[in-house]
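Note that chain A is present in both complexes that follow, paired respectively with chain B and with chain C.
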Partner chain A sequence: MPARRWRRRRASVPRGGGPRPPRGSGWPVAVSIVPGLLLVGTFFLVPLGVLAYTALGDWGALGFRFLGLDNFEAMFADDTFWKAARNTVIYSAAGVFIQVPLGVVVGIILAQHVPGWKAFRTILFIPFVISGAAYALIFSVFYNARYGLLNSTLDVVGLNRGHDWLFSIDTALYAVTATSLFILGFIIVLVMAEIASIPRELYEAAEMDGASPLQRQLRITLPLLRNVIGTIVLLTLLGYLALFDVVFILTEGGPNDETVSLVVYTYRAYINGAWGYANAVGIFIVIVGLLLIVGVRRLFRIGERTL
Partner chain B sequence: MRLLRREPVHGRQFWRLLLVLAAALTAAVAISACGGGEDGGADKPKGEIVITCAACQPDRANPFLQYWHEGSQRFNRAFAGRYRIEIVRNQAVKGGGDERLNYYQRLALANDLPDVFVVSPPEVAKLQRTGKLVDWTPILDEDAEWADSFYEGAFGAIDDDAGHRWAIPANRDVLGVYYNRRIFADAGVSEFPQTWDDVEVACRAIKAAGKSCFAMDGDWTTLLMWANLIGTQDDNGDFLVTGIREGDYASNPAVVRATEVLKQWHADGFANRDAFSGEYENASNTFVRGEAAMIANGPWMVPYDIRGRNALRGLYEQVGYEPSPGWTDDGRGAIVLAGEGGWASGAIDDADKREAVAAFAKFMGSHDEAYAGLQATGSFPATRLELTDAETAKVEPLALGLVEQSETVPNTYPHAYSAAPAGFNTAWKNLWPAYVQGKMDTQEFLQRLGDDATSATG
Partner chain C sequence: MRRVFGGLGYYGVLVVVTLLALGPTLWVMASSLKTTGQILSGGSLLPQPFTLEGYTTAFKEAELGRYLVNTLVYAIGGTLGALVTALLAAYPMARYDFRGRNTLVATFSLALAIPVVGLATPEFFVMRELGLFDRQYGMVIFYTALFFPLSFVILRAFLVSLPPELEEAAVVDGAGYFTIVRRIVVPLARPALATVAVIVFVGIWNEFFFANLLMASSENQNAQMAIASFRTQFTFDVGATVAAATVVMLVPIGLFLVLQRQVIAGLTAGTTK
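Moving on, here comes the complex of A and B:
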């Protein structure tokens, strides 16, 4: 291929694309993606197809019986389903409006390399590397009404009423929500990495123009973090949409479904042998997840370059 | 891309690479195929019948699984060359509960149930509907000696309405109430209460002395007490045997009465603060640390908790074990778990395997094995066990004493789990705290408990 033509082609390649490989090398590339396609087909497309089909029937240990949309009708008519949806929205909202801003602020502060920033970053990252199940177990002890650290601490200041934080209707949802809010490590690391890629000249120019440190963060750092914040928000929403381990280990969704999440609700149906119904809820979760991906990508214009 | 442009992969190189990958894949498949089951690598002697067992994996944290494992190994030695047990390992079996049932349901759907495994009565009720369980009725009918070796009523929780026997009962336990004599004495309570009214009087004194009256967990131990409160009522009918299956709890006066009394105990502060956690350890630790005066539980609590590492020194000497109080002086009762764990089999199409499974079930019910099980787990066998004086001397006296007392108490009944629908446990744990906290009245609680226990989403 002549060099001139090649350059022209390269210039017309859309964003994210690359140069076309030389003629004759296409078939090994095509064959090489076969294993990948097989894996995607086997472990993603086929299960997704099974999920979609079985969601339309009564599927259990006795076999499968096609029901059409009955599972979805039953799901939308079930108060517990809506309670699970409400709780999932609350968990997600707490994540987006408390956890993410907190992580971004801490990330921006640590990116200034304040004294001890490496130690803080490491300490704050620890909860992220602990498995959700282990983390939940720690908090089940923390909240225990009889010997938990929370009540023991309140005892020191004379405020311990022996409250059962996880199994009292009035506090269960707050207690479970608070459990995940301080897992900031992943957010901090992403934010710090993005800040490190911002040209220092921008800050120097702003400083010469008389911008205060706060103004520099608000006018330069935050706008340039749009992409990464959008990504974090998306990952946070998808994470809470699939929230299971923390809720299940702490309360199993109780008391009186006050803490049940959509996935715990699905699990209950599954474990009770109503696999088709569980898969109908699963389809609902998949659709919500897809809508979130599209919505958040558009809202934050993820993937579009700022500079 | 640059690399690709400069050094394109030649066809021969590509096929060579593909060949190497295919060879590696083939080798991996061959190696994994050779692995087989736990004993799959062993050469199978001619004529040996191999059966799979999903309740025979070792587990030092679970005395029953560990004992069944050791029993299966003794069976393999005793029947070497004739029958052999191959262990099927699975975490769901270790966990028990709903996960275990779901695991077996999936295997039933795939026609892949193990040849022998342990199930509870609710699991039997669900699994037998798949048509994949061996019906033991004709096998037992042909072997009268074996059939007669079981305690009367041992099959009660396993038999279906048509009299089919879908499992061979492994245990028959009597469950009572442990109490701490020192806490009783410190509170001025001289003897174990005989009636529920006496219990309330004792509990007020114990609470005034700064201790919890009951150790409860919102699940197992709470439901044992609920069963006691129901089972010791004259008009309880067969609620715990059959009525609990139907899900209509709110219209049963005995259930309403028992539920309200149990709630009142919590409202009066008789239970430990963490009585809703659903964690058995919270209840058992409350008792073995000397913070609560009473706990309802089975005989296995002695070796694993009361004599366990967490227990206060000298606790065992302070502990008594009694049948449940009753509503009247002569109305006490005890929970009898007959066939709580039963040997079921998925070997419906293979007579040889059924023969091997029957041999294993008989082996586990034999005198030596039953006695070994009693020693290992504190749990009594479902088969009649004639103990020598020397053997009797080695049996836990608290458990033995309760078994003797259970023969004279007027009321015996199963535990709530024995016949409850599969979703009962989840529904109870979910609703019980809300009910006790006054978020719903008794009728609504029992109505929802019944509805949720029988619905898909619990």
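Moving on, here comes the complex of A and C:
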């Protein structure tokens, strides 16, 4: 018995450790943790359980009937599901290959403390605090065929064909994708914080060895940003996996499902009362999210220090 | 010479990116001061004549004020809830070692990793079973829960880095557990609490998905739902809609401009720790 206790305490030490609670504070500690435990239990763990179980059946206003894996079969056989998956991949790819590199480049530029860097950091952060709903409204007006800024700008250069960007099958997906590509504030701030922690001596040494400014950024900064870029890529992917507001308010997934995202697709099933089916898609989303966390952490070796 | 060109290149990138990032937003904000007729005719970038017509319509006819008050209730209530519950849980789990602590830390942190939008239907079910569906206090509780994991993770990371001497001295002096939390931990954690408060407040202010999912009656709607429904209602008044959207976004923008340091520090701490 004493041996078991010893082993348990030792096993928990490397992750922070700390002393045992002082005498008499066992109850207060327990009482302090209960509210959080109730919240997490009620709104995360129980819903996860409900999700896992009800995905295996026909669940709606009339009750629940166990079906096994039928929902998943139906899901994988549905063209709209694949369209939603494809679109989510496209949104994410645009995020990872356009938004993230752009944010990293701007972050590196601003970290040089060029005159005005603080102002640019502040201004470029603003889009990040604007809600998805407000953003959707901004772009619904911006893309409007008749009075939108996009077409009136094209008018100036004589290219305005009165195109309806959001509701034409050939441009809708691009138009929706473009709405969030320039929300860079978050990326910039993380990159700048990471660069601030790089010792200046590294750059001075490289400069003495005759490395050009560009070489210094490519050979020193970029490799040292691996950790933070990994984190940014992960958060970007999780963000697009959860994409709903902008798509739902701008197009509701239309025209002809060209812009539907996975979450909009689940939401439709929920609204139609096909709760079991909605939850099968929900499980798919949760599993993809967890796989992304594991995969991206591995890929970028997040957590390992380079210095 | 090369320096000058390098500098120009930098500013070229910065200016283009800024225009792309904020151009549409600024244009919409400027449009909120135009008459609906002027917006619909396209043309000029700046409002002339300048009018507050859109704002009056948004507040008088669309009752924007009521939705803003609702949003404020959710945001303040949820922020307080998340702060209190997260601090209570984070402190002992940062300071002390006890049976099950690591499991609890892992569970709370895992809750942050789950894509909650995947849980839409179960959340609706839980809220309905608990009688919280379409209730204002229900939404406050829900938002408390939604932002608990993030608040917990940020606060715990901060508290772990805090030296324990002050509290140890207080224990020796015979201070009770909650006295220590109130008199020593809360004041020391003030910077982290401020950061979490801003982030959670803005998060709840901007929240649309669960508001839309968990509220049915229009008198409980938050401002995000209100502006989204302006667009789909068939009496679509562009002037009022852009004015309402402007008001709704100016709140988090204003908060950010005032509390920039806290926001930036918090985001950096919350994601890299």
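In this text, the second predicted complex is superposed on the first by the 269 of 307 C-alpha atoms of A that agree within 3 Å, B and C clash if a C-alpha of one lies under 4 Å from a C-alpha of the other, contacts with A are read in each partner's own complex, and residues count from 1 in each chain.
By definition in this document, contacts are C-beta pairs under 8 Å (C-beta built on N, C-alpha and C of every residue); 3 or more make two chains touch, one makes a residue touch a chain.
Worth saying up front: this structure is predicted, and the values here are computed from it rather than measured.
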**OP:** Determine, under the contact definition given at the top, whether A:268 touches first (chain B), second (chain C), both, or neither.
**Re:** first
**OP:** Check whether A:78 is in contact with chain B, with chain C, with both or with neither, and answer first, second, both or neither.
**Re:** first
Original post:
So, does A:127 touch the first partner chain B, the second partner chain C, both, or neither?
Top reply: second
Subject >> Touching partner for A:137 - first (chain B), second (chain C), both, neither >> reply: second
**OP:** Applying the touch criterion given at the start, work out whether A:165 contacts chain B, chain C, both or neither, answering first, second, both or neither.
**Re:** neither
**OP:** For A:300, decide between first (touching chain B), second (touching chain C), both and neither.
**Re:** neither
**OP:** Scan A:240 for contacts with chain B and chain C and give back first, second, both or neither.
**Re:** neither
**OP:** Answer with first, second, both or neither: which of chain B and chain C does A:91 touch in the superposed model?
**Re:** neither
Original post:
So which one touches more of the residues on chain A, chain B or chain C?
Top reply: C
Original post:
Where on chain A do the contacts from chain B and from chain C line up?
Top reply: 18-19, 21-22, 24-25, 28, 140, 146-147, 270, 278
Original post:
Tell me, which parts of chain B touch chain A in their complex?
Top reply: 1, 4-5, 8-9, 11, 14, 18, 98-99, 101-102, 105-106, 108-109, 126-127, 129-130, 218, 272-274, 276-279, 282, 286, 422-423, 426, 429-434, 437, 439-440, 455-458
Original post:
Which bits of chain A are touching chain C when the two form their complex?
Top reply: 8-9, 12-13, 15-22, 24-25, 28-29, 32-33, 35-37, 39-40, 42-48, 50-51, 54, 59, 102, 105-106, 109-110, 112, 114, 120, 122-127, 129-134, 136-142, 146-149, 151-152, 155, 181-184, 186, 189-190, 193-194, 213, 227-228, 231, 235, 238, 241-242, 244-245, 249, 263, 266-267, 270, 275, 278-279, 281-286, 288-290, 293
Subject >> Of all residues in chain C, those that touch chain A in their complex >> reply: 6-7, 10-11, 13-14, 17-18, 20-25, 27-28, 31, 39-43, 84-86, 88-89, 91-99, 101-102, 104-105, 107-108, 111, 113-126, 130, 142, 144-146, 148-149, 152, 160, 171, 176-178, 181, 202, 205-209, 213, 224-225, 227-228, 230-231, 238, 241-242, 245, 248-249, 252-253, 255-257, 260, 263-264, 267-268, 271-272
**OP:** Using the touch rule from the top, collect the residues of chain A that touch chain B in their complex.
**Re:** 18-19, 21-22, 24-25, 28, 31, 60-63, 78, 80-81, 140, 144-147, 162, 164, 166-169, 252-258, 265, 268-274, 277-278
